[in-house]
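Look at the two complexes coming up: subunit A is in both, with subunit B in one and subunit C in the other.
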Partner chain A sequence: MKRLWRRISEPIIELCIRVSGLAVVIFVFLIFLFLLRDSLSLFRQYPLGQFLFGRKWLPISEPPQFGVIPLLLGSVLVTFWAVVICVPLGVGSAMFIAEVAPKALKNVLKSFVEILAAIPSVVLGFLGIIWLGPVLRDTFHLSTGMCGLTGSLLLAFMALPTIISISEDALTGVPRSYREAAFGLGATRWQTLWRVILPSASSGILAAVMLGIGRVVGETMVVLMVTGNAPVIPTSILQPLRTLTATIAGEMGETVGGSEHYYALFAVGLVLFAITFTVNFIADLFLRRARR
Partner chain B sequence: MRLTGQVIVIAVAAVFLAGCGESIDPNEPQGFIQTKGSDTMVNAVQMVAEEFMKDYPNIFVAVTGGGSGVGIASLINKTCDVATASREMKPKEIEIANQHGVYPNEIVVAYDGVAVIVNKNNPVNRLTIDDLHKIFTGEATNWKQFGGKDLHIVTLSREVSSGTHMYFKEEVIQLGKKDSRDEFSKETLLLTSSQAIVEEVAGNEEAIGYLGMGYLSDRTKALQIGKDKEFYPPTVENVLKKTYPLSRGLYAYTNGEPQGIVKRFIDFILSPAGQKQFTDAGFVPVQTSPPEAAPQSSTGGTVAR
Partner chain C sequence: MSGAKIRQNIAFSVLGAVTLLIVVPILLVIVYIVVNGAGAVTWSFLTEEPRSGMKAGGIFPAIVGTILLVIGTMLFSLPLGVLSAIYLVEYARDDLFTRIIKLSVVNLSGIPSIVYGLFGFTVFVLLLHFGTSILAGSLTLAIMSLPVIITASKEALESVPFSYREISLSLGASKWQTVRYCVLPYAIPGILTGTVLSLSRAAGETAPILFTVAAFYLPRLPRGAFDQVMALPYHLYVISTQVPNIPLSLSFATALVLIALVFLMNLVSIILRAHYRKKRLW
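Right, the complex of A and B next:
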């Protein structure tokens, strides 16, 4: 009886797992097709070249202009600075948690990192408007605190948990024998950490950084709330700018299904998808190398 | 067996109770009304909805903001019963609505003046429409040009989904000319709500922004606006007399003539109790039947001060 049951149940369970696995692939594929279909509809009405290389985003003017360059540069600039801020901090604290901190402190720190990941982005955005923006305005003598840097700082804060926990995993994954060999050769703790453990965990850390970037590029609420959303071609992080995500979130509600503006937002979504896909793909390559 | 018995008792009781619920008052209206749109009007409409729900406890009214464009789009996409808008629907939008089988019915629910606000420490008190045009198109960039301090001007606007954005664009950026190609200066910050504009202006001496009268408070300073030589502050009187140059209607749109509970809600908005909420929120009520009290109090006000 038991054996019979096992003979029936095994294939059923296997089928279920296979279906769930395939479903994920199918969903991603369908989302991509949907995005592609709607964004390609734009290019029947609006030239592709003007979309990709246009320098003006004026969606409700007559005639409208959908140049994606200011939005793309806005996203790139905010992301770049967020990465500059959060990578050293994140990798540093991962090194501390993995190698230096005593066990009790390590557990406390790890749970705090998890709590950090649980803060909703609207709450961070609100803090940005009320507190961080005015502080930055006064420190850098800007004309407004609603600028790229406010966004970058908050995004860096949001990417920290991802970077810390994945880098920490990579660091603890370095075999014990490496450490013992280094100490055996008379290396100090710092030398071991810096010259032996960090290089051998580098693929994992790079993957952590790439996943952090993916998180930052795709984040919407914070940038919509604090970066000022002016569709200029940004020349400095200290000025207001507009990102791809904020544009979609800010304008989607008012577009009527099937209008040019509606399709233009899908095209912006496709650009965003291409960016995050590339970033995640690279992260995956590094993760795979780390495993070998 | 005992279990089955209990189930039957519960089922019978449920049917009986449900029957009771209906039979208490079959004439009592009930249902759900979805209201979406203007961020300028959202607070006032919320207040009206709360009063309305006191009178009709079985009707639930949900009020969402997002901007007039959001309301109009959701009326066309049939995701709301009443769209609120701080601008009229454009002919092109009505055409699209008809293609979707929606026939917008316009109701003026109140009047509003678009106020232009600056920081309380800004010495500038009055600007002409031409000055505003220069400031918001980026032609003028320093407060010194308007008698203020030697500071850069930071222009704040609402997102493009906002009816106030559209209105301001037509009246100030394009100066009422349909074929004008002028745009908001690219440096203009596009903020997602009127409250965000209040926050930024209250804390930034260089900022200038615009919003509906309902958002005026003593945390910011409203400028007097004039077409050429005479300047008027955005007050109820000046909007009523249309001497304030940036006066406009506030609208509610339904799909066809309102019916059933939606009609009750619209009627309530236009009733004295509903209009009082708009007055309390800082807007100008619609005068369906000009009462004697209103002109009296307004002249009384001017004489006294």
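Right, the complex of A and C next:
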């Protein structure tokens, strides 16, 4: 009886395992497919060219305009400044954690990074509204603190754990012999770190930066809460603007299912999907090279 | 002191300062929320329903909602994630197909949370007629949690020494028996650690639940899987942006409870990891 049960149950379980292995591929494919389906519904009514190159996002005016350029530039601008802020900080502290800090301090610093990674984005958004926004407004004498820079600063903060932990892995992964060879030639620890270890870890660090960018582009709640929600082509990081993610989150609740506006938001989602897919693909290439 | 040595000292000080520049704000954020929120976190705040348009009362329904979502997410993502990791480690050959699966895991983890929200909305809420419900939200969060669970489970399975499998197979056990009795038990701690970590992230997520489950204001408990619920992160979003004149202490207290919940889950995963690492056999 028991043997019979095993003869029946084992193939079933193994089938489940094989199907589950496929699940991830299916999900990625389905997500793409459904975004594509609803985006195509938009392009049946609204020309693709006007969506991709349109300079105005006016979903509820008559006639509506769904130009994605202002949102795309909003995302690009916020991401650019976030990266400018967080890459030097992240890579610098990864160097400190990996090569300078003594072991006890290293563990403390690593747990700090884990704490940062655990803080929900909506909490940082809340702090942006009540604290960081007003501080920036007073510092730069702005009309409102709800602007691109507030978003960039918070996003930079949020991308740090990704950048630090992957860069640190890359730095620690450099073979011991490299270090020993450099020390043997009389190099100081700093010279070794700067001239030998950092260049050898560059693929891993580039992967860290790419993954950080992916994180920043896709982050929703912080930018929805603090960047001022102005879907216009941004001219300065100190102005209110609107990103791709915030547009979907902010407008989805107000659309009528099946309307042009509704489908336009899926088209925005598709653009977002394409961007993060590319960024992660490049990151994966760098990681693969780093492992070799 | 030689020039090189001085340069080293300067460089290391700069790196130290950079690190400090990151650590201090983290500390400030935590302290700021605890100091401003702790006063308002009372027993009644935790156990009562919101009153007078959320301007008074507690956040009990939101806490319950978030816990239900976490449980629902786990029910879907844990079995699927573990089985999928078992496939990758124990069954998959090193071919193009396996590469596609691995690349999909990477890409799934990179998809923005709001896109999961869109997907969950079209598929679970509309297409499958689940409506905005705990079920739709849990499924959406489960797909989002999959990559982390798969990666953690994969690492846990890979860390089990190869000899365990060889011995089991040489004794005449089948492939599945080997996995079930000689590999999985030793990988469980790693799997649990990764799962709790990914669930803590799901608990704090707002974007995927915006249109799939979250109720703006629903001062009662859900009756089933097809009900809407309030959730802590969404509640914090609502009271800090959508409703004017909410006492700031309520927002701080909600943020504090959310952070405490997420940290508690992280702590559980750290303790699990430490506990099992001591008992490890190899």
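Following the convention adopted for this analysis, the second predicted complex is superposed on the first by the 274 of 292 C-alpha atoms of A that agree within 3 Å, B and C clash if a C-alpha of one lies under 4 Å from a C-alpha of the other, contacts with A are read in each partner's own complex, and residues count from 1 in each chain.
Keep in mind that, in the parts below, a residue touches a chain if its C-beta (ideal position, glycine included) is under 8 Å from a C-beta of that chain, and two chains touch if they have at least 3 such contacts.
Note that this is a predicted model, so its numbers are computed, not measured.
Asks: For A:Met225, decide between first (touching subunit B), second (touching subunit C), both and neither.
Replies: both
Asks: May I ask you to name which of subunit B and subunit C touches more residues of subunit A?
Replies: C
Asks: Is A:Ser143 touching anything from subunit B or subunit C once the two structures are fitted on A? First, second, both or neither.
Replies: A:Ser143: touches subunit B, not subunit C.
Asks: Quick check for you: in the superposed arrangement, does A:Ile130 touch first (subunit B), second (subunit C), both or neither?
Replies: both
Asks: For A:Pro240, decide between first (touching subunit B), second (touching subunit C), both and neither.
Replies: First partner only, subunit B.
Asks: By the touch definition at the top of the document, which applies to A:Ala182: first (subunit B), second (subunit C), both, or neither?
Replies: Neither partner.
Asks: Taking the superposition on A as described, I'd like to know which of subunit B and subunit C A:Ser121 touches: first, second, both or neither.
Replies: second
Asks: If we overlay the two complexes on their shared chain A, which of subunit B and subunit C does A:Pro59 touch? Say first, second, both or neither.
Replies: first
Asks: If we overlay the two complexes on their shared chain A, which of subunit B and subunit C does A:Gly253 touch? Say first, second, both or neither.
Replies: both
Asks: Based on the superposed arrangement, let me know which partner A:Val24 touches: subunit B (first), subunit C (second), both, or neither?
Replies: In the superposed model, A:Val24 contacts subunit C only, not subunit B.
Asks: Show me the subunit A residues, by the header's touch rule, that subunit B contacts in one structure and subunit C contacts in the other.
Replies: Touching subunit B in the first complex and subunit C in the second, residues 129-130, 225, 253, 257 of subunit A appear in both lists.
Asks: Within the complex, which stretch of subunit C touches subunit A?
Replies: Residues of subunit C touching subunit A: 4-5, 7-8, 11-12, 14-16, 18-19, 21-23, 25-27, 29-30, 32-33, 79-80, 83-84, 86-88, 90-92, 100-101, 103-119, 121-123, 126, 143, 146-147, 150, 174-176, 200-201, 203-207, 210-211, 233-234, 236-237, 240-241, 248, 251, 255, 258-259, 262-263, 266.
Asks: How about subunit A: which of its residues touch subunit C in the complex?
Replies: 6, 10, 13-14, 16-18, 20-25, 27-28, 30-31, 34-35, 38, 88-90, 92-93, 95-97, 100-101, 109, 112-116, 118-127, 129-131, 157, 160, 164, 188-191, 194, 211, 214, 217-221, 225, 245, 248-249, 252-253, 257, 265-266, 269, 272-273, 276-277, 279-281, 283-284
Asks: Quick check on the complex: what are the subunit A residues that touch subunit B?
Replies: Against subunit B, the touching part of subunit A is residues 56, 58-61, 129-130, 134, 137, 143-146, 224-225, 228-232, 239-240, 242, 250-251, 253-257, 259.
Asks: Flag every residue of subunit B that touches subunit A in the complex, lowest number first.
Replies: Subunit B reaches subunit A through residues 66-70, 72-74, 76-77, 93, 96, 100, 151-152, 154, 159-161, 166, 181, 183, 186-192, 196, 199-200, 203-204, 206-207.
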